[in-house]
């Protein structure tokens, strides 16, 4: 299940819903990304995310399908906020369920690397010094590369 | 926070509580282990876990402290059931929060490897063919070894 | 009339997220469009950076790909969510 | 009286999780205790396997370590939760 939504959501609700879908799994890994209250030493008042539908949703769906091909997953969930959000609010929730834990950990990790560097979103932070568009960090691109190396070896 | 409890707990409550503790983090990774309805082709009616207090709690506390030394974590939670549980119920909940996601993923993964192979628990499954004590799988020991290799390199 | 979309920092530079535009007859591919929009909308070279990708009708295409006056054309700086 | 605890499969073999026992004067270390309990409680060699560790007063110790009649002594087969 994939959702790109412009309203706040609660991580605890997302995981409760996912648990119901994941019946029979032995292992559930979740990642939750939250708006950080500070960035580069400045207070963040608002984080804003843009998407480009349906390219954004299609891209996430492809990534979920790649994850399902690579790992034996019993359920996968990606929920991503767009629009304006405040510090502490959830930006993204990824959940992966499997019979054993390694597949669930790796699939959640893989999907986050996709979302950080390839998913069709643009984000800006509003701080006292102004509006700053944020691009992926070098570490984010390095993290993504791990999956290509793993494939090649 | 570490809990070894003999009553059912809800993953959604555990994560809601953790989210409150983890204020200021950008990334939360959780692992939930659930009782599987089947094992080696048989239906599981009950999973039973024994602990040896306070050795069990002390060991988990040491593992949490090692994780905090190794990664910049803003909060860590381990909740582990003991006693009798039914399929679908949560056995274990691990949560790690950090500013960036890699630390949270690795710490949760490390703690699960500890819990699977070194934490002081014994578990048995009750199936139609009888009572089976379960010891860690070979993969579990291999997973744990990854952290020793990482240290040495 | 083509519909032109500006995402991320490009929306801040242009001041809007989109516009409709009559493409001149001379603009028939993405490379030509990139240069024309960059010059006429005050992007001052930003659109010429190879990190800015172009999507035609919701599909990312390499330069030069055909564009026509009925397309939805998006200028996309480096992406990333989460 | 020493308190002896049996965990995991050992509790199933013994039929109880614990007992209190008067240790004979000849049993003063974990290696001797292991052999004596194995023989007198029908463990049939299971306690002699090196994967069964012994804890004295909540601390895992190597064989042979001293034991006395006031200790809590636990026989621990391979552990693992989660």
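Details
Letters A, B, C and D name the chains as they come in the text, with residue numbers starting at 1 for each one.
Simple rule for what comes next: a residue touches a chain if its C-beta (ideal position, glycine included) is under 8 Å from a C-beta of that chain, and two chains touch if they have at least 3 such contacts.
This is a predicted model, so every value here is computed, not measured.
In terms of the stated touch criterion, subunit A and subunit C have no partners in common.
Averaged C-alpha coordinates give centres for subunit A and subunit B that are 23 Å from one another.
Inter-chain spacing, taken between the CA centroids of subunit B and subunit C, is 49 Å. With each centre defined as the average position of its C-alpha atoms, the distance from subunit C to subunit D rounds to 76 Å.
Contact of a single residue of subunit B with at least two other chains is seen at positions 33, 101, 112, 116.
Shown for subunit C are the residues that touch two or more other chains, namely 82. Pairwise, the chains that touch each other are A-B, A-C, B-D. If you check the complex, the residues on subunit A that touch subunit C are 33, 49-52, 54-55, 80, 91-92, 112, 115-124, 131, 133-136, 140. Remark: subunit B residues 10-13, 15-16, 19, 22-37, 88, 99-102, 104-105, 108-109, 112, 116, 139, 143 touch subunit A in the complex. Subunit D meets subunit B in the complex at residues 5, 7-9, 11-12, 17, 55, 58-60, 74, 76-82.
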